[in-house]
Amino acid sequence: MPKISKEAFQTLIEEQVPLATLFGIHTEAIGKGTATLRMHYNPSLIRPGGTIAGPALMAVADVALYAVVQGLIGQVEMAVTTNLTINFLRKPSQNDIVAEARILKLGKRLAVGEVTLFTVGEAEPVAHVTGTYSIPPR
Amino acid sequence: MPKISKEAFQTLIEEQVPLATLFGIHTEAIGKGTATLRMHYNPSLIRPGGTIAGPALMAVADVALYAVVQGLIGQVEMAVTTNLTINFLRKPSQNDIVAEARILKLGKRLAVGEVTLFTVGEAEPVAHVTGTYSIPPR
Amino acid sequence: MPKISKEAFQTLIEEQVPLATLFGIHTEAIGKGTATLRMHYNPSLIRPGGTIAGPALMAVADVALYAVVQGLIGQVEMAVTTNLTINFLRKPSQNDIVAEARILKLGKRLAVGEVTLFTVGEAEPVAHVTGTYSIPPR
Amino acid sequence: MPKISKEAFQTLIEEQVPLATLFGIHTEAIGKGTATLRMHYNPSLIRPGGTIAGPALMAVADVALYAVVQGLIGQVEMAVTTNLTINFLRKPSQNDIVAEARILKLGKRLAVGEVTLFTVGEAEPVAHVTGTYSIPPR
């Protein structure tokens, strides 16, 4: 069992991460070391060329890693991202984005994970993210 | 002279990058291979812990690199980020963020730059970004 | 069929990449968008703490991505790395390292891949790499 | 005064980091939050195209960050890299490489720095690196 339910995590981000609501980010599943989030398409996410802005993809990936970490260690608000690398792979179409995140390593002080981002219904990823969260002393 | 004025770049992002407006991003200067942008603080930028959400910092950095690239090659809408790495250095306070961007290498196909992000009025950076833009054939 | 055999790729690196020989890098397999390389342990790879030096892990990962790219587009010597991000996950023991690489996106101008590095015989990865190769015009 | 002299650091890497000797890495200066290292050119550093192999550039950058960290906190062998991102900017010629490293943030648990790499005598950098070291509890 993950240490936070998808409902509790969704409530947390709705209450404490206004960007998640602005971006239409919804928690679909939290597993043991995994999380799936969806970002509902809306026109405020676009950039020149009619595609989804990179920072919106970074946002859903970052929140997805936050979900993975909280699923593993429980609700720790002060777990913070220490770094994140995103590779943009394909131009996303104007559609929902699904973020599939999984843990690569959970240590005492750092958690590293990766996220693959897809346009819903398409097989090839639009972006790939690796990120590190710092875990506060407990 | 940069190939796009700060006013023209600001108009571009206001018309074509809705996130830039949502995030209160304002173009302060574009030079030859440099750009300075400011993100005006507003409460929708926060995350748990009362600090500014990482994706908002990524957004202003990404737009700042876009300004640098357009200052060098002119208005090319389809210049797109191919990758971006952010290191979070210090917890930003609830205040405006200034992004100082500069080019590291302008090639025919790729432009690489770095951005240092500060809380306005503070000497130590809150984050550091490197990113690559792909430049379409001309 | 990959566009370069493992034997031809091994010959190439032995002739043209002296570091690969210094590091004991051996090509085990090249598939369609994948490659598996092994770095044979030798004492010159260590760093303080009795573990394998980070740059040796970066080297085998970089060469593994080179194998993936050559497997997809054929022998193109001037395909060059444009950037690489490595996350160190666990302390490798003094043993061979296996690098499992796969393509994330093959474009006309850029190829992006990821590599997961293991100590031979262990299930948990010791490092994770993403990297981009620039493909010369053909 | 830095907490390790350039001579002591050079001795450390010669005794404990065989790769540094293989690569001809020499410590030129360690300051307060800075370090300058040189990698002497030798033919084992090349890659196809007659340029210096990326992993050699990564190696000197990684060791330069290690020098910065030890200059700030003293000789701590188990400070280890947690991640590193390199952007390759220009093709280095067959000549010595100079690595100029500086700290971006020294925290209790993590140190983040950046390194700019030059071919000796040339003004434009050949590569740019950011990296994070984990500092063991003291």
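In order of appearance the chains are A, B, C and D, and numbering begins at 1 in each one.
By definition in this document, contacts are C-beta pairs under 8 Å (C-beta built on N, C-alpha and C of every residue); 3 or more make two chains touch, one makes a residue touch a chain.
Bear in mind that the values here come from a model prediction, so they are computed numbers and not experimental data.
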Duplicate of the A-C contact set - from C-D, A-B or B-D, the pair where over half of the pairs recur: B-D
Using the touch rule from the top, work out which pair, B-D or B-C, shares more C-beta pairs. B-D
Expressed in whole Å, how far the mean CA point of chain A lies from that of chain B is 21
Roughly how far is chain B from chain C, going centre to centre by Cα mean, in whole Å? 33
Dist(centroid_CA(chain B), centroid_CA(chain D)) in Å evaluates to 28
Using the touch definition from the top, which residues of chain D touch two or more other chains? 82-83, 85, 87, 112, 132
The residues of chain D that touch chain B in their complex are 85, 87, 89-90, 104-105, 112, 114, 124-125, 128, 130, 132
In their shared complex, chain D is touched by residues of chain C numbered 12, 16-19, 22, 43-49, 51, 53-56, 58-59, 62, 77-78, 80-88, 91
Chain C partner, complex, touching residues on chain B are 82-83, 85, 109-110, 112, 132, 134
